[in-house]
Every structure is written in C-alpha cells, then in structure tokens.
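Here come two complexes built around chain A, the first alongside chain B, the second alongside chain C.
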Partner chain A sequence: MTSRTISVGALARVEGEGGLEITVRDGVVTSAALTIFEPPRFFEALMRGRAFTEAPDIAARICGICPVAYQMSAVHAIEDALGVAVTGPLRDLRRLLYCGEWIESHMLHVHMLHMPDFLGYAGGVEMARDHCDIVRRGLAIKKVGNEIMTLIGGREIHPINVRVGGFYRAPRKSELRALGERLERALEQALEVVRFVAGFDFPDCARDYVFVSLRHPGEYPFNEGRIVSSRGLDIPAREFEANFEEFHVQRSTALHARMRHGDDPYLVGPLARYALNFERLSPLAQEAAREAGIGSICANPYRSIIVRAVETVYALDEALRIVARYEEPEAPHIAIEPRAGVGFAATEAPRGMLYHRYRLEADGSIAEAVITPPTSQNQGLIEEDLKSLVGAFLHLPEDDLRHRCEQTVRNHDPCISCSTHFLRLDIDRG
Partner chain B sequence: MSGQGHRTPSAPRLAVWKFASCDGCQLSLLDCEDELLAVAQALDIAYFPEATRAPIRGNYDLSLVEGSITTPHDAERIQDVRRRSRALVTIGACATSGGVQALRNFANVCEYASIVYARPDYIHTLATSTPISDHVKVDFELRGCPIDKGQLIEVISAFLAGRKPATPSHSVCLQCKLKGNVCVMVAHGTPCLGPVTHAGCGALCPSYDRGCYGCFGPMETPNAPSLSARLSSLGMDERALQRVYRTFNAQAEAFREESERHDE
Partner chain C sequence: MERCVILCVGNSDRGDDAVGRTVAALLRDAGAPEIVECPGESGAVLDALEKAGAAIIVDAALSGAPPGTVRRFEIGGDGPPLRLNFGWSSHGLGLAEALGVARALGEMPAVCVLFVIEGESFAPGAPLSEAARAGAAEAARLILRELPSIRRSAAPLFSTGGDMVGRGDLVGPCPQGGKIL
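Presenting the complex of A and B:
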C-alpha cells in the first residue's frame, strides 16, 4: 500500500488561523481534517450578565469581516424575546446596511482572497502588479459597500449606530440620495466583474450538496425568512436547535455542526442561498447569472466566485431600490421595554446563515447566549469537498497540490475568526 | 502557479501578525481602498497571511501586530515576532489592552470554557488575555476597536519617514468639541465616556446621537472617578458603572481600576 500525507501549515487568505491534513492511501483520499487553532474568545460566556442593549456591540467583535451580520442576528433575536418587530424605513435601513456588508465582504473575497488562485498569484497585492485595473475596479466596488456601512453604521468595522429597536440616528434623505450615483457606477462595474470571472478556467466538477439557507416570501434573504434546505426542511429560526446540533472535535477550537436527522454535512453561504432563492434575485441579477452560464443552481464550488459576483450585483441593485424609496422614519428606533423571555433569529451573513438565541432576565440582562456561525456549519462540508475533489489533483507536484487544497477550502470563504484561522495542510501519503 | 510577485529589494519589509482577535484591525489595511496599492508600492508586504500565501522568511522592518496573548503557544510566538522585527507596532484594543476577551480576567476561565465547549479538556488557553506590551517591547501602540484607518496610514507613513506618528492623545470629548457637536451628556443626559476616552475615532458616537462607549480605551491621565460621579447622578447604578468600563479595553489600567471601584 502506498500512502501519502499532504499538510498545509497555516492557511493563507482566509480570515483566522487554521491548518489542513489530508491522508492518501493507494491513490485515494481517505481523510481530510481541518484543524482550527484560532484561540477561543468565549463570547457566549462573556455575554452573560450584560444588558441586552450591549449585545449588538459585543457580538460585532466576534468578526471584523462581517460585524453587521452579528449585529443583525443579535438585534432580531433580542427583539423576538421582547416581542417587538422593526418595520418600514427602519427595516429598509437594516437591509441597506446588510447590502453594504455583502458588497464589501464579497468584493474582498472575490478580488483579494479567491481570484489570485485563478490567475496564479500569492495574493491580491502581488496580482495588482500585473492586473492593476482589475484590482482597482474590485476595490472601487468594495469601497461603495464600505460607504454604505459608514453612512448607516458610522464606520465600516464594528458599526456604532445599530441598536435593539432600530438605530441611534436615522440618515437624512439627502444623505442617502448622495449614494445613488456611486451605487449606479458600482453596479455597472459589478456586471463587468461577473463577466470577467465567468471566463476563468474552472475545474469541472459538481457536488451533490445539501443546501441550507433562509427563504423569504418576497425577497432575496438578508434579515428574515424561514430556514429551508434542498431536502425539504422548512422551519422557523426557533426550531434551529431541534434540527441542527453543534459538536466538538479535538482538532478544532471551532464547533462543528450537523443536522440531527441525516448524516450528510450541509452547506450554507452564497451557493446555498442562490440555489434556494434564484427566483427572488432581481431580473438584472438573474440576467447576469444566465449570461455567466451558471443556471439557477450552481454545484461547482470553484464557481462560487461567480455567485458572489452575482450576489454583489443584487446587493447594489437592491441598495439602489432602497435608496430611491427611502422616507425618513418618525423616530430612529421604536420603544423598547425589558422583559424576561427567549428570542431566536437567523440572518444571512456573507458566508452563510448565522443563528443566535438569547435568554433574557426580567431586567433585560442576558442569562444565556447561543451563537452558531456559518463557518462552523461549513467545516464538515469543506472536509467532504477535499475528500471528493482533491483526488483529481494527486498527480500534481507537491506545491501545486497543496495550492489546490487551499483553493478548495477558500471556495467557501471560511471565516475562522468567527468560527472561533486557518491553514496548516498535512497530506499523509503514508 | 503560486508566483510570489516581483519585490523591490530595497523597500522596507512589512509584516502583519495575528493573535487572538476578530481580524478587523488588519482588515482596516485592506479597507484602505484608495491607499492600499500605494502602500504596496512603498512597502514590501512580505508577510500578511490574510492577504497573501507568501511565507515567513527572515526579518521585517515593520511589524503590525493584531490581537492579544491568550495561549501558551502565542506567548512564545510573540517573542519570535519581536526578534524578527526592527519596529513593532500594536494595532487595536486587543493588542494594546487585551480586548473584549480580557473579560475572562475578571472571571474563571474554566467556567467560561465549560459554557462554550462540550469538551473543555480539548481547549488549551491561558487564564488571562493580556496586551502585547506585557510580553515584549512595543515601539508604538495604535488604539481603537477597531483602529481608524486614517491613523493606520499615518503610522505607516510616519514609520517610512522615520518620524513619530501624529496621533493626538487627548480625549474624545475635546475632539467632539472641535467638531462642533452638541454635548449628548449636557443636552440630553446621555451617559458618555468621551471625557476619559482616547481620541482617534473622530467623536463618532456623539455624532450619531449616542454616548461614547470607550472603544479607544483610556486617554492619558483620565479622571474616571469624577466621570463616574456624573454618570451616577444620571441614574447609572453600580453594576452599570462597572460594566461601562468593562468592555473592549477592560484590562487597560485606568478602566480596570475604575471598574474595580464599583465591584459589588
């Protein structure tokens, strides 16, 4: 029997610290393990005893790449516990803020983290030396996402303007309207990005994924919706823990997640959202996807770069609609009274569904917090991807093979800071 | 396939290191959309795993360090980073004062681990989260949770020019007055940490009708007991007073001491 171990010591161009170990026996990949050594920060423990009003600020610090997602899941879950709901222009502003984060995060991943794999560079800055216009265009779109977050949130990382019940200050109509022209320019550029990335050379593969995402009756999902799967699951957020469980493996400081009924790992994130919500994309985004040749379901993880570009088109398109119809709310937030209760929420972070549950005491202090980030849900599936996809690359020289393994992981834009960093790769060929 | 790009051998070599953190402060560098490519021309970005596969090799002229020390392994790793770095600058509240994860310093870390993990025995962590300066010599500390990207560009530019960074050490309160904001505490009775908090954010929260929550940590020589008396007269109880100093810079000396004065 011949065997081989492939290892990546520290995975680059992912957010956080982790490694990867792959075992090959007689030309077949027999195991693939992500080792996440991001030091634990114990958010669920340190939230206890804090006031519910502090939750959005504390939860944001779980991840500097997607703080809005943590803020949104936190405020929705706490509002659920308090029996209130935010509607009208305030709801629109939350959706607009989320558009900003998707644009910023997707353009960061597409250009700085993922694209160098396709064009053969160590990173986006190195790539910029030869492809300056491409990188500049990506950064220009990303900047518009950041501008939305700065206007609505106060700043792009750890926004300060989000609170339970709405915002501290609502923007003026004129401030929002000033975004319009830049959004339109960015939308044109994002359509160019979809066409550009659609022309990359993709490994030919299709995986039989179990997709999981939110679905909303009338919108592509950001803040609200039921949790659905490609296998027929359809539940409200409050039933998440009855249908999904987290478990702890020794090699990782991030918990893994699985469905309680069925052994297959499931996928959250852009591919899942897209497959389960294609018809809710705007006509422009659907048209861009069709032109890029990806159909209404995309099961080739390497092509996720196209789906992120399409979602960016959607987010810009949606941002323009929200800006056009915005009327200033009467107050920047609704009235909130503390009470005892339990609240649940799932929202769509750029990397996938993010679940929060809070139990509040009568004085509004947090008695218990449970947070399930997208990357811990995707860990099992990333390992499955490596097992089924890396076999095709075993003939490659060691460095190229290691690079393919890293790319296969980066397909899912893992955020290890959230999931509690990435990659060491060990390939054991015996 | 994995070209390392073309480096100018004479450009100063920059490294970006991560310890326990949210990645937000190093993301600030990638968020400098207008300046990033200029920085990349002036500096050789030699080690930045969030942005490039280029491996650790040799020594660096400037190291930006994000994150706090929370594991035995990281306590050793920071010594290696110091040995490899001509100048070491910490970026953000985690690296400068231990971050939000330093709330464990006021609790029992084993109990914390048992709340989050089914198998706390798999977790190797220190009982405390500590700033980089507790472990090695630090040449400059940039404040903020997160840092301000304008200040980051200033620190990098100052380093390239061989001068001291121009980052004011006065309070958010002064910055707020200079901005012409109406005082949220005087006019609306909103509790605000602006009088004791280090400037740098541009008085962001008061500009959004909200009190400062201290994410840049204490200014030089703050009078926190005096502010606490004022906050107390606005209706904050002892528990709330303790919490207000125990957030993202809980381990910073002035905030830690003041929070301990309000121990129940």
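Presenting the complex of A and C:
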C-alpha cells in the first residue's frame, strides 16, 4: 500500500485561521480534515445579561466582512421574540444595507481571493500588477457597496446605525437618490464581470449537493423566508434546531453542523441560494446567468465565482429598485417594549444562511443566545468536496496539488473567523 | 500644486491602535490641511490615496521596538517592496495590502511617507498609553516640520529604509522590522 499526506500549513485567501490535512492511500483520498485552531470567541456567552438593544452592535463585531448579516439575524430574531415586525421603507432599507454587504463581500472574494486561482497568481496584489483594469473594475464595484454601507449603516465596517426596530437615523430621499448614477455604472461593470469570469477554465465536475437556503415567496432572499432544501425540507426559522444540530469535532474549534434527518453534509451559500431561488432573481440577473452558461442550478463548486458575480448583479439591480421607490419613513424605528420571549431568525449572509435564536427576560435582557454561522454549516461539505474532487489532481506536482486543495476550499469563501474560526494543509500519502 | 493627503489610520477602541487618530487630532489642531482618518479598511485607504501627488500615512506598529518609537519610511512610487501578510485572511486586508494594490495599479503617490508609532497595548477599550501619546506628539511634530517640503515637491526628501527619527525624547536603533497593524 502506498500512502501520502498533503499538508497545507497555512491556507491562503480564506478568512480566519486553520489548517487542512488530506490522507491518500493507494491513489485514493481517504480523509480530508479542516483543522481549525483559531481560538473560540464566545460571542453567544458575551450576549448573556446584555440588553436586547445591545445585540446588533455586539453581533456586528463577529465579522468585519459580513457584519450586516449578524446584525440582521439578531434584530429579526429579537423582533420575533418581542412580537413586532418592521415593514415599509425600514424593511427596504434593511434589504438595501444587505445589498451593500453582498456587493462588498462578493467583489472582494471574486477579485482578490478567488480570481487569482484562475489566472495563476499567488494573490490579488500580484494579479493586480498584470490585470490593472480588472482589479480596478472590481474595486470600483466594491466601493459602491461600501458607500451603501456607509450611508445606511453609518460606516463601511461594523455598522453603527442598526437597531432593533429599525435604524437610529433614516437617510433622506436625496441621499439615496445620489447613489443612483453610481449604482447604474456599477451594474454595467458587474455584468462585464459575469462575462469575464464565465470565460475562465473550470475543472469539469458536478457534485450532488444538498442545498439549503432561505426562500421567500416574492424575493431573492436576504432577510426573510422559510428554510428550504433541495431534498424537500420547508420549515420556518423557529424549527431550525429541530432539523439541524451543531456538534463538536476534536480537530476544530468551530462547531460543525448537520441535518438531524440524513447523513449527507449540506451546503449553504451562493450555490444553494441560486439553485433554490433562480426564478426570484431579477430578469437582468437571470439573463446574465444564462449568458454565462450556468443554467438555473450550478453544482460545479469552481463555478461559484460566476454565481457570486450574478448575485452582485442582482444586489445592484435590487439596490437601484429600492433607491428609486424610497420614501422617507415617518420615524427611523418603531417603538418597542421589552418582554419575556424567545425569537428565531435566519438571514442570508454572503457566504450562506445564518441562524440566530435569543431568549429574553421580561426586562429585555438576553438570557440565552444561539448563533449558527454559515461556515460552521459548510465545514463538513468542504471536507466532502476535498475527498471527492482532489483525487482528480493527485498526479499534479506537490505545489500545484496544494494549490488545488486551497482553491477547493476557497470555492465556498469560508469565514473561519466567523465560525470560531487559516489554513494549514497536510496531505498524508503514506 | 498636487493634492497632498495626510491619512491617519487606526481604531479608536483598541488601545494604542488609536495613535494614528491621535496624530490626526494634533495635526488638525495645528491647522494641517486634508486629513483623512480611517480604521485601515483597504478600500478606504485606496480612496484616500486616489489622485494624490503626495501622501503622509500614519499608523500604529507592533515590532518589538520600545513603545512610542516613531519610524519613518519612504514608500512612494515604485519604492522598496512592502512586506505583505496578504493571503492569510481577507480580514487582514489592511494598510500594507492596500498599499501593495495601490502600487500594483500605479496609483501610489510619487511621494509617500509612512510614519509608524510603536504601540504598547492594543486591548479592546484600553486608553492610549503614555508612551504612544508621546510618540503621537513626536510624529505630529515631525510631520508638521516636513509637510511644507512634501507639499512643494514630489521629490524624495530623506533617506529610505525606515530610519528611526525619534521617540519622544529618546532616539536609538530599532531592534527589528516592523509589522504594520
């Protein structure tokens, strides 16, 4: 028997710190393990005893790339516990803020983290030297996402303007309208990005994924919807824990997650959202996807870069729609009184579905908080991807093989910092 | 005259990481023009440097040097290579990576002087240390002295390579290379 260990000591271009160890026996990948060693951060415990009004600002600190997702899941879950619903222009502003985060996060991942894999560069800075215009275009689109974040959220990282019940300040109509021209230009550029990335040389593969995402009756999901799967699951957020469970594995400081009924790992994120909600994309985004040749379901994880670009088109299109119809709300937030209760919510972070549950005391203090981030949910599936896909690359020289392993992880844009939460790769070939 | 921007980087809620913001306040009080403050997010750094003919950048450092040490680097144009941590984490896309992208895109100002001030503690919510405060005052003094020359000319003014130019009332060699926070 021949065996081989492939080891990546520091997985590049993922968010957070972790390693990867792959074992090969007689030319077959027998195991793949993400070894996440970033220290746990105990955000759920940090929440206990704090006022419900503090949750959005504490949750935002979980991630510098997707703070809006953490804020949105927090406010929706707490509002569920308090029996209130935010509607009208305030709801639209929440969707607009989410548009900003998707644009910012997707363009960062597409251009600086994932694209170097396809164009043969060690990283985004090296790629930028030879592809100035491509990188400039990506950064220009990202900048518009930042501008939305700054206008609605108060600043581009860790927004400070989000509160349970709405916002501290609602923007003036004129402020939103001022974004219009830049959004339209960014939309044209995003369509160019879809066409550009669709021309990359992708490994030919398709995985039989169990997709899980939100689905809303009339919208591509950001803030609201039922949790659905490609295997027929259809539940409200309050039934998440009855259908999914987090569990500890010794090699990882981030909890894994699995479905309680069924052994297969499941996938959350752009590929899942897209497959389960294609018809809810705007006509322009659907057309861009068709032109890119990915159909209504994309099961090739390497093509996720196209789906992120399509979702960016959607986010810009949706932002334009919201900006065009925005009317200033009577008040920036609705009045909320504390009461005892339990609330549940799931929203769609750029890298996948994010679940929160809060139990509140009568005075509004948080007695319990449960947060299940997308990367926790995807860890098992990333390991399955490695086991399934890396076998095709074992003939490659060690450095190239290591690169393919890292690329396979980056397909899913994991945010290890959120889920704990870098990657070290060890491949054991015996 | 080309635009000259003073970019002060730091997080006011992370102890001595706020030292760049403290320098901004001192420079503003002294009447210095076009001061931009940001927490170091790469997009904001690139925006600040856009179309600037000259730039002064101020940030905290953690290198093992004595707290409060002020060091000066000339990094304009095609200057010496920057040590990047890029590739580890997109959470770590900070000042060094943004400057790397700016240089790759040909958008680095022809004259760009980086001042870094050694921090002592970067604990969340911690106040600025006395050493960092002294370093901020020294950095502000040095910047104000150099600012007229930088605004007048895009030509390099001092030696390159990160010479130590002052630390409060102490001057001495820097024990090791610095990591920009």
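The criterion applied here is as follows: the second predicted complex is superposed on the first by the 429 of 430 C-alpha atoms of A that agree within 3 Å, B and C clash if a C-alpha of one lies under 4 Å from a C-alpha of the other, contacts with A are read in each partner's own complex, and residues count from 1 in each chain.
Throughout what follows, a residue touches a chain if its C-beta (ideal position, glycine included) is under 8 Å from a C-beta of that chain, and two chains touch if they have at least 3 such contacts.
Computed from a predicted structure; not experimentally measured.
Aligning the two structures on chain A places chain B and chain C in a clash. Applying the stated contact rule after C-alpha superposition, one finds that A:341 touches neither chain B nor chain C. Of the two partner chains placed by superposition, chain B and chain C are both touched by A:146. Applying the stated contact rule after C-alpha superposition, one finds that A:157 touches each of chain B and chain C.
Of the two partner chains placed by the overlay, only chain B lies in contact with A:58; chain C stays clear of it. When both complexes are overlaid on chain A, the residue A:136 reaches chain B and chain C alike.
Look at A:203: by the touch rule set out above, it reaches neither chain B nor chain C. Look at A:248: by the touch rule set out above, it reaches chain B but stays clear of chain C. Contact with chain B, but none with chain C, is seen for A:169 once the two complexes are overlaid on the shared chain.
Greater residue coverage of chain A by touch, when chain B is weighed against chain C, goes to B. Of the two partner chains placed by superposition, only chain B is touched by A:399; chain C is not. Annotation: chain B segment clashing with chain C after superposition, chosen from 114-122, 132-140, 204-212 or 222-230, is 132-140. Taken together, the two structures place residues 10, 12-17, 63-65, 104, 108, 112-113, 122-126, 128-129, 132, 135-136, 139, 142-143, 146, 156-157, 417 of chain A in contact with chain B in one case and with chain C in the other.
Of all the residues in chain A, the ones that touch chain B in their complex are 10-17, 37-46, 48, 50-51, 54, 57-58, 61-65, 67, 104, 108, 112-113, 116, 120-129, 132, 135-136, 139-140, 142-143, 146, 154-158, 160-161, 168-169, 247-250, 253, 255, 332, 399-400, 403, 406, 415, 417, 421. Remark: chain A residues 10, 12-17, 63-65, 104, 108-109, 112-113, 122-126, 128-129, 132, 135-136, 139, 142-143, 146, 156-157, 417, 422 touch chain C in the complex.
Residue ranges on chain B touching chain A, taken from their complex, read 1-6, 18-28, 30-31, 33-34, 36-37, 40, 45, 48-54, 70-71, 73-74, 99-101, 103-104, 107, 109, 111-113, 115-119, 122-123, 125, 129, 145-146, 201, 204-205, 207-210, 213, 215, 240, 243, 247-248. The part of chain C that touches chain A in the complex is made up of residues 39, 41, 43-44, 46-47, 84, 86-91, 93, 97, 100-101, 104-106.
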